[in-house]
Amino acid sequence: MKHQLKQAFSSSKFVLGFVLFSIMLLLAIFYPIFSPFDPMEMVGSIFYPPGTYVSVSDTVQATYNGFNIDPSEAHLKAALSPENREKMKNWLVRFGGVNEADIDIEDTVALVDLWDAHYSSDNPQEGLLSSEKKSYSRLDKSLAKAKTGIKTALYTENSDGEMEESLIISDRDYVRVNDVANTVTLPLGADNFGADMLTKLTNSIRVSLQIGLVAGLIATLIGLTIGLLAGFLGGLVDNILTFLTNIFTVIPSFVILILIANSVGQAGRGPFVVAMIIGVTAWPWTARSVRSQVISLRNRDHVNLSKLSGHSLPHIILNDILPYVASYVVMALILQVSSGILAEAQLSMLGLGPSTTTTTTLGMMMNWAQQYTAHLSGAWWAFIPVILSVAIISFSLNLMNTGLDQIFNPQLRED
Amino acid sequence: MGKVMLEVKELKTKYVTRFKEDVFAVDGVSLKIEEGKSLGVAGESGCGKSTLALSLMGYYFAPLHYISGDIIIDGNNISGMKPDDVRRKILGTEIAYIPQAAMNALNPTQKIIRFVEDVIHVHDKGMSKKDIYDMAVERFRILGLPPEVLQKHAVELSGGMKQRTVIAISTILSPKVLIADEPSSALDVTSQKMVIKMMRELMEKGFIKSMIFITHELPLLYNVTDDIVVMYAGQIVEKGTAKEMVFDPVHPYSKGLMGSIIVPEEGTRDVQLEAIPGTPPNLKHPPDGCRFAARCKYAKPECKVYEVPEKDFEDGRMYRCIYDVDYLKEVYGRNG
Amino acid sequence: MKGFAKYYGKRIGWYLITLVIAIFLNFLLPRLMPGNPVQTLVSEMMGSSTNATAAEKIMQQYTEQFGLDKSIPEQFIIYVGKLLQGDLGISFSQFPRSVGDIISSSVGWTLALQLPAIIVGWILGNFLGAIAAYIRKGVDKVVLPIFMFISNIPAFGLAIVMLFVFSLQLKIAPSGGAYAPDMFPNFSLEFIGSLISHFALPFFTMVLTTIGGQAIGMRSMSIYELNADYVKYSRFLGIKDRKIIVYVFRNAMLPQITGLAMSLGTMVGGNLVAEMIFNYPGIGNTMFSAIGARDYPLLSGCTLMITIMVLIANLVVEILYGIIDPRVKAAQQESEN
């Protein structure tokens, strides 16, 4: 065993897979412990982008520091959306007589300068509707505001319960972020429920791994039992079991998965039940590969010797067969865990995933992101990290499997 | 003396293992074959016989590497040639090869005739498919193979048939030298006989001009080849005619090797069967001095120190041992 | 030739048995849940329906269709009998359309999308695997792992990413459907252009996820074949490497056909969900809406249709493989003797 482990770690593929998997596992175990949020807690609101949020009230109350920096350019930049820049360009070309080639809409300062030089609301602007003319005039005013800077007055409640002006805030006043008492950091933003994505994601990774493991163990156990019996006993038992195995290899397992999951119904479909359903539909190819391994072992000398010595069937299987197929079983288990995680995600996408309000899975998160069309509203943080997590887990498990395969099948070794 | 078909001078090649270690499996081999003659190469497994077979082809690819020496085929030294030229101009026409495991030597998904076409097209691009087919049918018929074989895939042929097909394909371009590496050892007795018969016919019909026959089965060599060399640890330890080598071996290793077989000839029945104790040396680090010394029951301390020169005789006999012939004969006589 | 026909006769028989079992499972599994499934579903349906006459009609229809008052074996016989007439029942959610009608209008889209995607992915995967096995180094260490990683992204996950990148960010692809929503199917150039532009994204998504897995298999097979004795022998007969590689890759690729058959079920599953993301009007989308609307007859029709398609694909692959790979023919003859 020790020797085999040592061999496994000599394969660079296995090591890379192992490291990736360990990172995901550690993240899943430890991040929720240190996170300030509960995975299901709706801290914010739908699809808050990633970043640090500071309390407005606390910010205005904090100590002000004046900076001698002209904020107008940044204000202009923030005020000018790509659509507005496009609009300004159109106006300048149509009515300002500016050559299209001379306008660079990416250069904020130059664009605004051109605008100031040519725009006038008195321009006849022939061909524009009055509403369009008004929108240009509004845009012009907002630009003017951004340039001059806005003075903000702060009103606070006095001892008589009345609001009174306490302070005029200049646009050159700054507050140190650390001085703000209340801040919220959402490293991966918020999901559609307003929950912290990273906490929810790490929690989901843990649950999905558990589902994968349970499903993988069940599938491997069933596959191993059937494969051992079919391979070792041979004859009629083998014929029947092989017939069954072949049938369930050809009938797509996800069809059976959908049928069972749908029949169990919403109420009965907890994460554990889903894992079990996945497990009982995924065994056929483990059974196939175990059977072929056992058949090649069945007539080895040590097995025959054991038979002649009158050992019982369980004894022979446990002592003379299992140790030899163990490495293949481990490889099969690794793949089963990976396909279990994928199967859960697939079921959830179809709306047949675990039904629970107390925890989440990677599949459920993807399903919610899809339901709320996160990908069409630009909320990449709501689905890309989830998809990447699924891919990394599956990739790492497959790498480990390939690494082990190269060790046990020397043909594939890299020279 | 006939025309020399193949002459090999001090050929050295090595294997490079997965762990980048060098294995000197052919370490200074010289031999010579005349037109119409066949030479047998004998030795235990691991002595470098099969590597010698591959090395003689003059075309090297990993893990086999050329170190030094000359291979001269019909007066033409191929050692200095570019690998691609060897492949195009030498392989198949000048020198041909029959592999050890002919069972898997043919592409399982290709019809035999397609492969024959590929082989011939390497050397004669213009030959039409029909001409090739006619030629192959003719050749197969002469060699006693049913021409229907040409239309089959390798997987559809029996073991013996596959081996004979391989032999026919290898020699289809009438090469000057044929290297056969254990062509019959994996076959049943009947197929073995057919293969041996076929090898003889190849020579008689002039489809090949000379042959090197490698095997661990010595009785076969005695029946098939004119001369025999015995290989040990990458080197030739003794050379002679088949008769001399079987009945009158000089080198203690040849003596041991011949002692470990039964030759169905009168007078050999009483010879005690004996195996040579020990195992051949590791060719990653060949020992100093005589390579057989560690297993030789006549060895003395200097055997393990001094390089043993090849001792040549006028009649072409050669052996590699510090003792002279008379002494060895005397010792053998004493030991029965 | 007689053995050949006999062999395939047996195989077709085996597939028919498998089909019967699949139909049986399709029938039985929903009935294993507690309570009477159809009644529960129909009453659920009635509860949410505002159209009382439609609900009553459906109830009537289903009592008749499933023979609710009869025993399970009898119900199965009725089910199979209806099935043989091509009757899959009436859809709950799209009343009064028949399930058969809905499925036949979606199955073509699925076939047109998935069949070429899987075949192209398979070919490209084999090509990549062969190159990785032959060249090793860069391809093996960089390109192959990239495709391996992509193939570990579930097809529907990649579908979401593709939509985000190409439709939302780069705005070079439509956001879903099979053609522009303001068009009606016709043979105009404009419509065909719309079809193609809607086809591209789902197609490439499915191709990309297929490549990696196939490449890994092909790489292993090619390495195995490159070490085969016939490679050495062919070299010693002077045959050029270019020709030998053709031998090797042909031999390595043929078993990959079976590899394709083995992974077909999983692939189709992932692709069906991807179809749903792209809102492509195929079986995957239909199945999704059936699940959402608790339209049991429609879901059951979809699963049955998918099973039949996978079974047919497997059978076709098996027959094709037997014809083009002489090794299989030899094995068949051996098993006959």
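Read from first to last, the chains carry the letters A, B and C; within each, the first residue is number 1.
Keep this in mind: a residue touches a chain if its C-beta (ideal position, glycine included) is under 8 Å from a C-beta of that chain, and two chains touch if they have at least 3 such contacts.
Predicted, not measured: the structure shown is a model, and the values here were computed from it.
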| item | value |
| --- | --- |
| Core chain by centroid distance, with centroids computed from Cα atoms only | C |
| Most contacted chain pair (by C-beta pair count) | A-C |
| Rounded Å distance, chain B centre to chain C centre (Cα mean) | 55 |
| Chain centre separation in whole Å, for chain B relative to chain A (CA means) | 64 |
| Distance from the mean Cα position of chain C to that of chain A, given in whole angstrom | 26 |
| In chain A, residues with contacts to at least two other chains | none |
| Residue ranges of chain B in contact with chain C within the complex | 57, 59, 61, 87-88, 90-93, 96-97, 99, 101, 103-110, 115, 118-119, 122-123, 153, 155-156, 166, 169-170 |
| Touching residues (chain side chain A, partner chain C) in the complex | 246-247, 249-256, 258-260, 262-265, 285, 338-339, 342, 345-346, 349-352, 366, 369-370, 375-376, 378, 380, 383-384, 386-387, 390-391, 394-395, 398-399, 402, 411-412, 414 |
| Complex interface listing, chain C residues touching chain B | 228-230, 232-240, 243, 247, 250-251, 254, 325-327, 329-330, 333 |
| Chain C - residues contacting chain A, complex | 14-15, 17-18, 21-22, 25-26, 29-30, 32-33, 37, 136, 140, 148-149, 152-154, 156-158, 160-161, 163-164, 167-168, 175, 216, 220, 223-224, 227, 262, 264-266, 268-270, 273, 276-277, 287-288, 291-292, 296, 299-300, 303, 306-307, 310-311, 314 |
